[in-house]
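Order of writing sets the labels: A, B and C. Residues in every chain begin at 1.
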Amino acid sequence: MRNVLAIAKVVLLEMYRRKEFYVLFILTIVICLIMGSINIFNDNQIIRYLKDLCLLLIWVSSLIIAITMTARQIPAEREQRTLLPLLAKPLSRNQLIFGKFLGCWIVCGLALICFYAFFGALAASREHQWPLLHYLQAAFLHWMVLGVVVAMSLLGSLVFAAPSSNSTIIFAICAAIMCVGRYLDQIAAPMHEPARSIVYFIYYAIPHLEIPFGMRNLIVHDWPIIGWNFVFLDALYLLAYLVFFLIAAGLIFRRRAIN
Amino acid sequence: MSVILKTDKLRVEYRSRELGQAVKVALNGLDLEVSTGEVFGFLGPNGAGKTTTINCLLGFVQPTSGAASLFGIDVRQPIARQRIGYLPEMTYYYKFLTGEELLRFYASIFALTGAEADKRIDQTLKLVELDAARKRLIKTYSKGMQQRVGLAQALINNPDLLILDEPTSGLDPLGRMKVRDIIQRLKNEGKTVFFSSHELGEVETVCDRVAIIAEGSLKAAGRVQEIMRGHPTLEKAFLNIIGYQADKN
Amino acid sequence: MTSGKTLWLWLLAFFLLCFNLATVLQPRFQAIEKTNRQSNNFFVLLLGDSSRIFANDFFIKADVYYHSGYYPTIFDNKSAFETPHIAEDTGAVASHNHGEETDFMGPPRDWLDAFGRHFIPNRHTHLDEGGPTDDLSKSSQVREILPWLDLSSKLDPENVKTYLVMAYWLRNKLNQVSAAEQVLHEGLRYNQGNPQLLFELGRIYEEDYHEPDRARSIWEAALRMWGQEQPGVPLSERLKPSNENFDDWFIFDQLQQHLAHLEKEAGNYDAAIAHLRQAQRVSSKPEDLQKQIDELEKEASRH
């Protein structure tokens, strides 16, 4: 675990010293403040459109951070040959994969804390209330989704040579799951075989990231809190995918020649 | 003197990704033995298999057949790398870290923490003459400084065996001299150094024993004087052993 | 090696070239985009005709907000949401809705679908009734639909329906009469003399500002404008009550009935009777109007 944490710490330092997070965070703040400054019939209590926009920006920004950061981890180590002195130490390849994953996942978590704190402040500025448990549920499941995305990107970085192609593919997969993942069974129903079975298989095989993504509407429209049992069940469901992708990444990386 | 680095009939084949291309044999039954306290030069022309051998020893490449061990432990076990230091040829280190942070990171992988880590970091930075630049980001380092920080990371765990892949490649004469001095100092401390190089003059001055490989096979191994026997210089001996005949070209 | 001075000269030359090209090309582009230039709306200038697609999306988005996010997707049964409820409730548009409003998703298809439904809005609620919390003190939350309607109107300023819906919610549910008036004026700026907008504006003057004379002149203007619309279509065709030309005959009916009411209040019984007779042409219950006419005739004879 010591080695894993050491690797994770370097990932954290890297993100701390790079610009991506700051740029996206400032961009989110600026867009939200500009949209918030628009006068809509002199009613300064209108907030939901702003919450909606802010949450959407948070989701997009967090996905960009998670995917681009993770996608370049292993390829950059290979390209800059920092992988060689690293793996020449008493460090297993699984530890490296898990350390990279943990680092990226922690970075995502820290980024989410900043984003959701801003979101909470923005909402409270007009609603004068802090539904902290709502935000906690949303941020927790959001973080779990990012865990799956990070693990997927890590696996992708071992399959696809270039970080750019990996990022694009993972981003497209995530967007597709979030937009139509829930309806794949309905899309499959009128199809002919074998396309029907294939789409049904995809429906049951993909990680349904759209479930936490749909929670945005509950937050935006002030719906009552969801039962924690459902939240933990979903977290467990996402955790299973996360572990699956990590194991797959470990298996691929295990016998990969490094030179 | 005990054997701490050993390869036994090591064979590595690379399969070409292009259709119709034959399998390339990078190493063909390589047998090597390096004992404690030796400075061992590993020589060969470009593409001879020097880096592949080192990659096998460090577990980067899986041998097709044969075996390799460090301190008697199969190189596939991460623990085999606990007592070694490795400096790759032309490596860039994490540019977003300072020299000190980089060493602290590598030290933590060797379970060196707290005062022990601080002491080792101080010692190695002084040894490679980077103490003044320890708080600077590595991206601001010159090429020579980067090579020296590489050497420092290889020494952070006070290794018993140091594996150096072309350690003076691309350095100016002053940089080469500094690296040579460090190797000499390590030799004096009783460390084992295994290094590949093209610089035969350098090998001649610092090595106890050398091995020469060509086309993946061991051509000669022994003390420098034995290899040079009958030749005015190590370079002549080397060219003769690898079968290079000047008049053919 | 090019010297720094030469580079600066090249830079200047290219700048002059760009400037000259701009002066030549700008009038040509203006001529091409003459139709778009008629609008001074930033979004319309930026997006061109495609802005209408977004406008419709945002109009639907306002209805989604009205339902606190509980809304069918293209994969669900949308029959009860064919006409956005925010528009349907105004009574100014024909409704095409049928079917069950509360169960458009049907029973859960599988465990994934059943599980996923815990994470999305799952009850049919309306913001003017308190929204998902059912807290009626929060019914003013209907204000949340306004940004989308506002944006929709900016993207498609020629869509009269948006102004009507916006004015309805502002006036009737949020008690923001002057804002509603402003919206209607804005609508009239892009849709000059539109009878529907004029009718709603007249209602504000009559019902909120209590200025019947001003309301009358607006409604009469609206009737005149109505008469000038669709010049080739026979009046009998336009006044045939059906869902297809709802907007056309419905506004005629409303204008006539409201003018009749104004004239009655002003003691102009003959004029009121004349308006009611016109309204009878399109009314689904002409006998009710006939009763009013009979009463007015009695009143007129008494005076």
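Remarks
Everything below uses one rule, namely that a residue touches a chain if its C-beta (ideal position, glycine included) is under 8 Å from a C-beta of that chain, and two chains touch if they have at least 3 such contacts.
The structure displayed is predicted, hence computed values, not measured ones.
Minimum number of contact steps separating subunit A from subunit B: 1. The chain with its CA mean position farthest from that of subunit B is C. The chain closest to the protein's centre is A, with centres computed as averages of CA atoms.
Annotation: 40 Å between the Cα-based centres of subunit A and subunit C. Between the CA-based centres of subunit B and subunit C the separation comes to 78 Å, rounded to the whole angstrom.
Contact residues on subunit B toward subunit A in their complex (touch as defined above): 51-52, 55, 58-62, 78-82, 84, 86-88, 90-94, 96-97, 101, 105-106, 108-111, 150, 153-154, 157, 163.
In the complex of the two chains, the subunit C residues touching subunit A come out as 65, 68-69, 73, 75, 109-110, 112-113, 115-116, 118-121, 131-133, 140, 143-144, 146-148, 150, 170, 174, 176, 179. Those residues of subunit A that touch subunit B in the shared complex are 2-3, 6, 9-10, 13-14, 17-18, 80-82, 84-92, 255, 257-259. Across the interface of their complex, subunit C is touched by residues 38, 40-43, 45-49, 182-183, 185-187, 203-204, 208, 210-212, 214-215, 217-218, 220-224, 226-227, 230, 233-234 of subunit A.
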